[in-house]
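Each of the two complexes below includes subunit A, the first together with subunit B, the second together with subunit C.
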Partner chain A sequence: MPDLISVVEWSRWQFALTAMYHWLFVPLTLGLSIIVAIMETLALRSGSEKMLSTAMFWTKIFAINFVCGVATGIILEFEFGTNWSNYSWFVGDIFGAPLAIEGLFAFFMESTFVVVMVLGWGRVSRRFHLAATWLTALGAMISALWILVANAWMQYPVGMTFNPDTMRNEMTDFWAVALSPVALNKLLHAVTSGWAISGVFVVGVSCYMMRRRRDSEYGLPAVKVGGWVGLAGILITCMSGHSSAVDVSNTQPMKLAAMEGLWNGGNHTELVAFGILNPEKTLDNDADPFLFKIGLPGALSWIAKGDADAYVPGICDIVNGSPATPVSYPERMRRGALAREALAEYGATGSDEALATLRENYEFFGYGYFDNPAELIPPVAMSFYAFHTMVALGGYMIAFFIVALLLAYKRHRLLSTLAASWIGMLSIAAAWICSQSGWICAEVGRQPWVIQDIMPTRAAISALSASSVELTFWLFAAVFTMLLVAEISIMLNKIHKA
Partner chain B sequence: MSITCLQNYWWFLISLLAAILVFMLFVQGGQSMILGARRESDRRLMVNSLGRKWELTFTTLVVFGGAFFASFPLFYSTSFGGAYWLWMLILFSFIVQAFSYEFRRQKGNLYGTRTYDVLLFINGCFGCLLLGVAVGTLFFGAEFTVNRQNILDPRNPVISTWNNPLHGLEALADFKCVCLGLVILLLARIEGAIYLLETITTDATLRRRLTRQVLVNAALFVPLFLVFLAMLLMAPAYVAGPDGTVSVVPNGYLHNFTEMWWAALTLIVGVVLVLWAIMGVLIRTTFAHAMWYIGAGTVLVVLSLFWVLGYNSTSFYPSRTDLQSSLTLANSSSSEFTLTVMSWVSLVIPFVVAYIAYVWYRMTSCPVSVDELSRGPEY
Partner chain C sequence: MTILLKRICDFYSHAWRSSVASATGRHLWILLLLKIGILLVLFKVLFFPDRLNTDYSTDTKRAAAVREALAK
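Up next, the complex of A and B:
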């Protein structure tokens, strides 16, 4: 495959494009389904027709967004086969199960009950409709659970062993895969961030509608429900984010170092609150990693290890070996190559000695694909800026919800002002930037691995020409952009005329 | 259960999902007739009747893919990564379906209702045709090789390689595969027309048109299905021996039908039920439960075809390039542990079917009509 790297790059671009488009819609599905379910429950309990109308309006917004999530989601599952076929074989025995369970448990639930939720008004009883709304929300969350179990496993592969006879990894402990602590934190982080985004969306749009209608009868209850759901969401997001950072420090120390632009670690390591990276810095020079920075001494050690004086390794420490990561990258590459050679020998001779060598060194199998330790460092700038953008905007969202709720209960007329409308709209954009930044940080920061330490991204691809993947990339870009533009237009129309 | 039992069980589930998917393609079949509707009111009734079911077809396709991935990952990696363009075209046709129902009548949809109806038509026609062509490669083979040792080569690590530069599009020039694609399309159109006849009971003109659609499509479907069946029975099958070595068996699928009498019986019963439904509708448009008959018949026919495809040590994905690369249940499945776990998971299927049936019943208890549409939201 002469254009191996081009195929890898285009395949990565395509997956990133489709995943990011998908993640524009999914957070809103996760959060709006909960918000609508709460509104509908309140309407049923109080008998309030206004609350019911509000719930119906947000159901329409949900439905428009839901189908976009479905349209952009189908390709993701099949892309594992079309563009990452080697991956599908090498770990399909483990990775396929969560995807199948997601389909069986979540997709059928969503697709069955969303029809009632969207079209059932006036056709089924209110109680049945309410049950359908909650079940749609539950289905969305179960879907998130299994896809995040799969994603977490790629970052922290557990519950499996390599079978040299079939040349693949095979599952040995389902519960270790399903109940991985990394998966739990990812689930909480992703789902509740969806609540937060939806909360910002509902509050922002409601402020605009209150100003436009010049009354708060319909908008104010929505601000309250959206505000509370959003506040709960962002607080849980922050807590699970902290737990995720601890996970990353233990399981993917290189990712943490890249997220912080930390080239040389140590004890009492500072957290960079704000910084501008020096683009000249590489593994081979002693340039200062930052052109400018504001640091919080000891904060990174405390976040990662729970102790402000704890040792946190930097990129150079991990590459060269450190107290926290004793096996250097050159050594890992040597042992990875050893494992690969032992596997080849076992395939040819069936030798027990080769099998023992393979087993002894398999944990570094993926490193055998590399010739240079520099190839094993993730893109530092993208990881750093994405992480810090996410944290800064996440902090802003906490303040946003507190202020929005205070105004809703004490000074609700201020929510109808032009300033509130503008702040609301800009906050919606900020929420999405925050969310996308989080995923960029998570997925770029783990490069060059598709499965941590086991399979590099470059070994996971399909045998395709780069031009084929490039063409489908542009096709997806065109179709999904047209879809997004139409969706925004429809939503603006609905919001404008509500 | 032994690994062989688990592989057989999972092939049964894959067959069942494929069978249900082909049945659920009645949504696509109905969509392929939307543009032919002369009156706007006809289109409105048809779209709203089909629109309450499109998600289930879509989900069945996704679950079919997921189940294949979990149970036979080597097929997933070989076919999807190899027949890239064929699968991409299928996926694009389903992507455009997903938003078309919801967007078509929304104000501000930018491209107009007609555009979304055209997209539904495209999905209706090409979704069925291309899926049939893709399944055709399972029966009649494809050009690929599998070499697991490639994983050891950092410069060329991919184990499954497609040996035709068209990456799946070559199947569109294969008469046998296209024949199956047309059979699926025509069957879907018949099912779609029957479904619409059962859900739209108030519009006599539309019902006459739908009955004519059943007649025309059945007139094409029956001979084409017989041609496909004849080609299948005369085709060679690739069969694995006890040591896993694959060899060519002339008339292998015919052989399988004779050795597995229950598959042959299932095929016959299925065909009779499909024909019974078609004849019933053509003789009497108020023929009751035609959808049940044609649905059950379709499921049985597809089940029987998948059984002769995968059981009896037959290769369910024959390689025309390298005989020994052909995929069988034994050499392409997940491990015993994973299949066991997934088998426990599969026990939830009856529960899923039960709630789908209940909601289906609640949402279709009243026939679709202009009056019924005015009672709530519509597409």
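Up next, the complex of A and C:
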């Protein structure tokens, strides 16, 4: 068992490393393509040469980011086949369809038009070029849609039935998978957060370039477009974040409880605006969950249920059973164990009785892997701090865009000061920390599940030795670090020479 | 149709030439080829076989292996 846990942990670390590295580039692809498309549209409509040269410069930065990010996501698919073979087989039919559509349609659409967008200046008509830029942006969004559909299905598995003969979950309703509310909110949240990150990036880099050139008007068009796109992006991100919180409260109440450090729920539940968790708190003791906190009474009830007096279950309530989650964890574990035994019996005998038992208890199948309810609680500290970091930095980004736009329209000389340059650069780092924290919250908060309630992470992995996964983890870490240094150098060099 | 294909080929060949004409373009191509070489070819071949496809010859055997792993 220790070796198994180690394989699980190393596989998770490796997947996290690869996904987080991939996500360094994706937000910029999503956001910069929109920002460049808007710049180019404005240039075409107004005939402004300044806006056109701004669009051309940011197209080059987009291209550098695109090349840096390309192929980093495919490694995740390698890992599915090698490290997560049980999972890959178990969900192949569900996961395969969105990824295949992504590969065939969106990626090819994106890659075809990106060549015209980046290298077609002066070679095709202005209108055709503009169309290619918008189609690149659209392709990036469609690409994101199918990845997020796959991810959303893992958090909220719908539209499928389990076939114990093939050992696969088979899709029965494509539209239930593609249009699940979790998927749509995830799409909106992830794509518009990309706009916000790109907005911060454009404003921050423009401030740096204005300072460097000692020209307070040089980057103004970029600050204005980046600022407006970023502000729109972060506001929509906040709204879709609220919808996501409602989804989580309905489909993954344990995740919501972990995000808020809520061990004991109730009516009129407070939202913790700031808090320091008590590391001593566990399921088995009555310690205060917080060493310090500032709470907003009723706010969590209102966010989760739309009513400040509504009931929100805490971790202990969910484990023991509550009005919102009537089946307790011990009962789920009992039924999960029944489902697992029935699966084994069905495999050996093909018994109809075993099949009926399996079907009856399949919704709790994954709980059969656990002996102790405490193992079913996600890492509370990581979920809580990641969530609150994301929210705090998201709030900061709203203020950042408002101030940047006010300065751009009223006091643009202040944007070329050393202070603005520093704030811009630090804000770029903050934007990425915000985004990565959001993913940490989403993915760590759903542990121990790789598919909610059905497949725990520990059951998803292949029969590998921990050392082989550890080796590839460190190889990836070394290669990614080298690539990242090279990629940042190329981008900085381009910005420096602008 | 032939003219259209020729124009597309001309476009891509010009795009290739202009992309390698600048130092940034060359660096990006080198980076891209390195990535494809290291990540997609070397790592995939040496370290990331598809376990079930490699270890079992038919879907029935793969399903049985996964059942064994999940039900044990």
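By definition in this document, the second predicted complex is superposed on the first by the 493 of 498 C-alpha atoms of A that agree within 3 Å, B and C clash if a C-alpha of one lies under 4 Å from a C-alpha of the other, contacts with A are read in each partner's own complex, and residues count from 1 in each chain.
The rule is simple: contacts are C-beta pairs under 8 Å (C-beta built on N, C-alpha and C of every residue); 3 or more make two chains touch, one makes a residue touch a chain.
Here the structure is a predicted model, which is why all the values come from computation and not from measurement.
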Superposition on subunit A - do subunit B and subunit C clash or fit: clash
First (subunit B), second (subunit C), both or neither touched by A:F113: first
More subunit A residues in contact - subunit B or subunit C: B
Touching partner for A:T82 - first (subunit B), second (subunit C), both, neither: both
Partner chain in contact with A:D93 - subunit B first, subunit C second, else both or neither: first
Partner chain in contact with A:F128 - subunit B first, subunit C second, else both or neither: first
Partner chain(s) touched by A:L492 [first = subunit B, second = subunit C, both, neither]: first
Touched partner set for A:E102, first subunit B, second subunit C, both or neither: first
First, second, both or neither for A:E170, with subunit B first and subunit C second: first
First (subunit B), second (subunit C), both or neither touched by A:A287: neither
Touching both subunit C and subunit B, counted on subunit A across the two superposed complexes: 60, 63-64, 67-68, 70-72, 74-75, 78, 81-82, 85-86, 88-90, 115-116, 119-120, 123-124, 166-168, 340, 343-344, 347, 459, 462-464, 468, 472, 475, 479, 483, 486-487, 490, 493-494
For the subunit C and subunit A complex, residues of the former touching the latter: 11-12, 14-15, 18-19, 24, 27-28, 31-32, 34-36, 38-40, 43-44, 47-53, 59, 62-64, 66-72
Contacting residues of subunit A [partner subunit B, same complex]: 1, 4, 60, 63-64, 66-68, 70-72, 74-75, 77-78, 80-90, 92-97, 99-105, 107-116, 118-124, 128, 132, 163, 166-168, 170-172, 174, 340, 343-344, 347, 368-369, 458-459, 461-464, 468, 472, 475, 479, 482-483, 485-487, 489-490, 492-494, 497
Sites on subunit B touched by subunit A in the complex: 51-52, 55-56, 58-59, 61-63, 65-67, 69-71, 73-74, 76-82, 84-85, 87-88, 91-92, 94-96, 98-99, 101-103, 106-111, 148-149, 151-152, 154-162, 167, 334-335, 337-338, 341-342, 345-346, 348-349, 352, 355-356, 359, 362-363, 366, 375-379
Of all residues in subunit A, those that touch subunit C in their complex: 60, 63-64, 67-68, 70-72, 74-75, 78-79, 81-82, 85-86, 88-90, 115-116, 119-120, 123-124, 164-168, 340-341, 343-344, 347, 459, 462-464, 468, 471-472, 475-476, 479, 483, 486-487, 490, 493-494
